[in-house]
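Next come two complexes built around chain A: one with chain B, the other with chain C.
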Partner chain A sequence: MESLIRFFSSLRLTVVLLSFSMLLIFFGTLDQVQYGIWHTQKLYFESFLAIWAYPAQAPAYDQLYWLRIPMPGGYLLGGLLFLNLIAAHITRFKLAWKKSGIFLVHFGLILLLVSELMTDLLSVESQMPVDEGGRSNYSQSYRSNELVFIDRSHPDHDTIHSIPSQLLQAGKVVKVPDSPLSIRTINYYPNAEIGRDPSGKIDSPATQGAAVKMGIFANPKPVVYAENTINTATAYIQVISPDGPLGTWLVSNVIDDRFPPQFVRTDDQAWEIALRFTRNYYPFEIELIDFKHDKYPGTEIPFNYSSEVMAHHNDPTKNQKALIYMNHPLRYEGLTFYQASFANQDRTSIFQVVRNPGWILPYVSVLLMGLGMCVQFGIHFVKFLSKQRAS
Partner chain B sequence: MVGCDQAEPTSYQIPKETRQNEAPVTPAATAPQPTPTAPSNMQILPGMQEAANQAGEIAYSVPAGWTESPASGIRKANMQVVDENGSAELTVTTFPGDVGGTLANINRWRGQLGLAPTTAAELNSQLESYVISEHGGQYTRIIGNTDSILGAILPMHGSTWFFKLQGTSATVIANEPAMKQFLDSVQLQDDAH
Partner chain C sequence: MKKLSFYLILLIAFLVVGRGLKPANYESDFDLATFSELPVQVGGRIKPLDSVARNTLLILSGRQKVITPEGKKLSPIEWFADQTMRPELADTYRVFKIEFPDDLGFAGLAEAGQRYYSFNDLLPHFEELNRLSSEINPEPKKRSPYENQIADLSEGLMLYHRIMHSLHPIGAPDRLNSLVDEYQTYLSLIGPGLEELRKQQAGEEFDAELLNSFIFFGDDYLKLSRTAYLRIVPPPAPIDPLEDWKNIGLELLDVMRGDALSPYVTSYASLTMAYRLDEAETFNQEVADLHERFIADFPGEIDRVHYERLFNDMQPFYISMQLYVLVFLVVCVSWLGWPKQLGRAAFWVLALALAIHTFGLISRMYIQGRPPVTNLYSSAVFVGWGAVLLGTFIEKFFKNGIGAAMASLVGFSTLIVAHHLAMSGDTLEMMRAVLDSNFWLATHVVIITFGYSAMFLAGALALIFVVLGVFSRGFNKETARSLSSMVYGITCFAALFSLVGTILGGIWADQSWGRFWGWDPKENGALIIVLWNSLVLHARWGGLVKDRGLAILAMGGNIATSWSWFGVNELGVGLHSYGFTKGVLFALSAFCICQLLMIFIAAIVPQKDWWSFRRQRLEASH
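And now, the complex of A and B:
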């Protein structure tokens, strides 16, 4: 037991862990070229073990294709560093005024590790495109999909029955919540190519909707990770009413609002069926009043993107006007809106919408560490001064 | 904390939505007819026509459901496809040189769709390599707001060939397999080897 505590509290462990962190960052950065930042984060930093493979684009790949380097992942390193810090405090440090600065620095560091874990587990990112003069009350996550049944029969509101795509597993039956329907997934492809065969000769499980009318079929494709790429999630879904199966529909996130809606009908009700990027609806609307894309005169080099927005809340006392630009996000109702991109010849602004309950923790931890350093150096300085005076 | 990753079916109400594609569409009636061939708004500069005439001959097979119009002007081939969502037109052109480079050409196409230009850094993620007539070219898919382009660019012995399918997004996307089938069938006259 004692040797275990000695191991976990040793400074050597700290040095080894920090070296491994540097390696992890190095190889993670290399792999960002082929996987993009989002997937690299998952592979290297939100994992216990990461394995780097020799990239196919690198020289001498034919000789080195077998090369694999395993290394501890971010969760393992972060967790061990956390234990290391705590153990060192318990065994070595004594609570004394002259050490108070070091305590603050270490506490700030612990808080930073905790906040990073919280961000990984709790934060949700999505995007909200808004046209100039238009409004939006939802954001979309381009990395997850949902199967929705939309009931538009009520005059005042629409009802959305949503099934996350993780539940679309071939052969599985899932009940559509608060409706008489259930679905059986015939096939789910995380990425696919949508093709068309007007002659209808290609065998397709679909018996209803656009697939039959237009001769559309799906070919599975490998999932892509690079930035600015989107996976075309596609599924064949059999819809079952209490009276028996209604048919099989082809749904895909490329068959979106540009296409006529697909409908599932029973004798007395109709639902629109679609597979789409997962939406988060909010109790407010963001209106884009003006988007500015300023360039240096005579060049195409941008020096400013900014969006003037108005948030219209269901509760009008919460209405708010804001200007969103680089490093100046709008924080509103627990969400942060960043200027992310634009489209449509500068008439559409795209916001990154982030819900991160722990967003304040890194600021607090950096403040604590800064304060700790000031205190520690201050104590040394005062001691030095009084020694000078004594001599 | 463990529970938040677990996906659950849910149902909820939202304020009434206006859908872009609300009214029942009668596609045949609304489908825009393909624009007539040639005199396009493209400016034909001195030398272009000669270069087009000098460029080698092209052979290909017409995908099922597409209709062919005679080659005209600087266009080496010309086809149309119409379906219930709209129409699209395939044009094949060739020009001397690299016509400003891939980035400029992709941005020219993006401009035709009303999209903002892309950057050199983003360009590679939008291209895939594609072999046409045994020469290495590039293939791109540009999805616009209403119209889209499937395009291929093939540099060959000092000239550049452009294969472009442009039209209503739904029609263009649905015809991607046919477009690739067409590109695979293309044989260009090759005197350089």
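And now, the complex of A and C:
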């Protein structure tokens, strides 16, 4: 037991872990060329084991295709560093003024590791496009999808029954929440191509909706990860009422508002069925009053993007007007709105909407670490100066 | 004699500075100094013609001078004057740098040992060049060196053509001799021409000859508006600094809409004619008028434009470079004898070089109205400056020449890097929107770049530790100890600055992209430096490494830093990928291999067998 504690509190372990961290980060940077940032992040930094494979685009691939380098992943290294730090403080460190800087730095580091973990686990990123003069009360994910049944029978509002795409597994039956329906997933493709076959010769499981009317079918494709690419999630869904199957629909996130809606009907009710990017609804609407895109005179180099917005809350005391521009996000109702992009000849502004409950932690940790380092090196420096003077 | 050497070295240093600060002397009756200060709007800012001339030459030739066929050396503005106003002469100047002319395979082009070619040399090969450039990879990052050379050449020719037609219409030389008349004719044709056009469209009888000559002007100026590179015509007063200036073609076209022709256009026309007719007096008068008009129109800009021209002339970074070489040489000589006097001289020359380097840095800040680091070029200038600053302090404390030598080495090398980065054109370019935050540029960017300075200085000190220890005899325990404590001290600085800088970067990212950390390549590069420093410090505190190990680690830090600075840009992914530069990969690899070689030597040869220590052992055993 004692040797175990000694092992976990040793500086040697710190050095080894730091070396592995650099290795991990280095290869985790290289692989972004192939996999894009988001997927590499999952593979290297949000994992326990990462394996780097010699990339196919690199020179001499034919000779080196077998090369694999396994290394501990981010969670493992982060966890071990965390343990190492705690163990070292319990066993080796004594609280002394001389070491106060180191304490601050280490405490800041612990906070930073915790906040990074919190961000990984808790933060939600989505996008909200709004047209000038228009309003929006939801943001949508650009990676996760949901299967929805929309009941539009109420005059004032719609009722949405949502099933996350993770539950769509071939052969599985899932009950549609708060409704008499269930679904059986015939097939789910994380990425697919929608093809047209007007002759209807292609064997498709669909028996209802757009697939039958327009003669379209899904062709699975490998998932893509590169930046600015979108996976076309697609599924064949059999809908089952208490009286038996109603048929099979083809749904896909490319079959969106541009197409006529697909309906599932029982004797007394109708639902719109769709597979779409997961939406988060809010108790407020964001109105885009004006979007500005300024360029340096005589060039196409942008120097400013800004959106003048008005937040209309269900609770009017919370209404707020704001200007969102580069480096100046709007923090509102636990969310942060950033100027992310624009479209539609500068008439649509796209906001990045982030919910990150731990956003304040890095700020605290920064203060602690910066202060700690200044204190520690200040102590060193003063000592060095007095030694110089003495000699 | 010893004392004399001190003053002698200072004298040399002042001569170097004096030569650099000497104002440009154009051997010409034309007032080219004022001409070079005339303003244009390029790349979103107002700058003097002098800057345009220099940047264009850097792109085309990779240097700031032109040698005429008669062997006369032209300054950038002299070349620019010929380029725009005596194109028939300019076409004979060898301004296109072609690194490997043989590789192009143009029959009869390549001359042995000649890397510079003129427009006239290239003229017979245009068709072939067009064909070749249509076949190269459209994605610049995926081009081979051969394809790059072709792309550079055809882009260079395009730039050359567009610069040439910046002040006047495209045409034969004699057209340039009658520009003032041409504009008069054009102005007088507009009213009648439009009338004839109306008649033609209404199906009435019209004067075909008159209409045709009017249409000829229209077509010609339309072409010009697409070609002319420089925006030399400011909008009429009162002037809004954010308004677009026009190029000459656009201004001539807009006269058709009923606008008055800007006096800037007619002035440039008379200027051109006077220059061609060798009438210096008229030329100087026109230039003075133009200049006066600019002062009246842009009272807020004139000082900056004037200063930029002076700054261009002085080239403070080249002066610093020469001084850094001097410092290094003096220190080397001082180790052979007279360490005290020469060491003192080296220190003062270093301080002088630092002062001039600082002056250059501040000048750029004034001209651009920005904190010092805004792009790769300025980061190189700043890294050198930071290293020299730290090195000067080290020299002040230790007084053994090592700090001065290594500071000057880093200062010189980074300015060489900067010199090569300047080849891509204007180094005072405008900032893209997301970077447009003086607060973050002044904090995050400056601090992280200063971290690079400290890393490279620590690496250089480690390098000299190994070089002196392994390859020389003059290294004793005491020097080793003091060098090692320098490396340690500077590493502490590096740790502080890279950590604080990285975290500030995280906060900036949180403010602009909505996440504190996104594992973007540049962020990862910075994190590697932070981890590297903490590894070094922990290894030393834990007694895992001693002097030699520290030196080896610090040299490894050079690799980590250069990876973060340049390497990650080469990947071409991520939000920070605005810094891709051609040819960097090769230089970077060479640098890393050198470092690895030194690390290998330091690691493989046991310290007792280093020359210095072997000798001491031998002496001790006798």
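What we mean here is this: the second predicted complex is superposed on the first by the 370 of 391 C-alpha atoms of A that agree within 3 Å, B and C clash if a C-alpha of one lies under 4 Å from a C-alpha of the other, contacts with A are read in each partner's own complex, and residues count from 1 in each chain.
Quick note on the criterion: a contact is a pair of C-beta atoms (placed from the backbone, for glycine too) under 8 Å apart; a residue touches a chain by one contact, two chains touch by 3 or more.
None of these values were measured; they are calculated from a predicted model.
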Clash or fit, chain B versus chain C on superposed chain A: fit
Contacts of A:I5 with chain B and chain C, given as first, second, both or neither: neither
Partner chain in contact with A:V223 - chain B first, chain C second, else both or neither: neither
Touched partner set for A:P177, first chain B, second chain C, both or neither: first
Partner chain in contact with A:C374 - chain B first, chain C second, else both or neither: second
Larger contact residue set on chain A - chain B or chain C: C
C-alpha centroid angle, chain C to chain B via chain A, nearest 10°: 70
First, second, both or neither for A:N137, with chain B first and chain C second: first
Touching partner for A:A58 - first (chain B), second (chain C), both, neither: neither
Lowest inter-chain C-alpha distance for chain C and chain B in the superposed arrangement, angstrom: 5
Touching both chain B and chain C, residues of chain A: 227
List of chain C residues in touch with chain A within their complex: 41-45, 231, 241-245, 397, 430-434, 436-437, 440, 485, 489, 492-493, 495-496, 499-500, 503-504, 506-508, 510-521, 524-525, 527-528, 531-532, 534-535, 538-539, 541-542, 544, 560, 563, 568, 571-574
Residue ranges of chain A in contact with chain B within the complex: 121-122, 137-138, 152, 155-164, 166-167, 174-179, 193-199, 213-214, 216, 226-229, 254, 257-261, 281, 300, 342-346
Residues of chain B touching chain A in the complex: 1, 4, 7-17, 19-21, 24-25, 27, 64-65, 83-85, 114-117, 122, 125-126, 145-146, 169-170, 173-178
Sites on chain A touched by chain C in the complex: 10-12, 14-15, 18-19, 21-22, 25-26, 28-30, 32-33, 36-37, 40-41, 44-45, 115-116, 119, 123, 125, 227, 294-299, 301-305, 326-329, 336, 338, 340, 352, 354, 356, 359, 362-363, 365-366, 369-370, 373-374, 377, 380-381, 384, 388
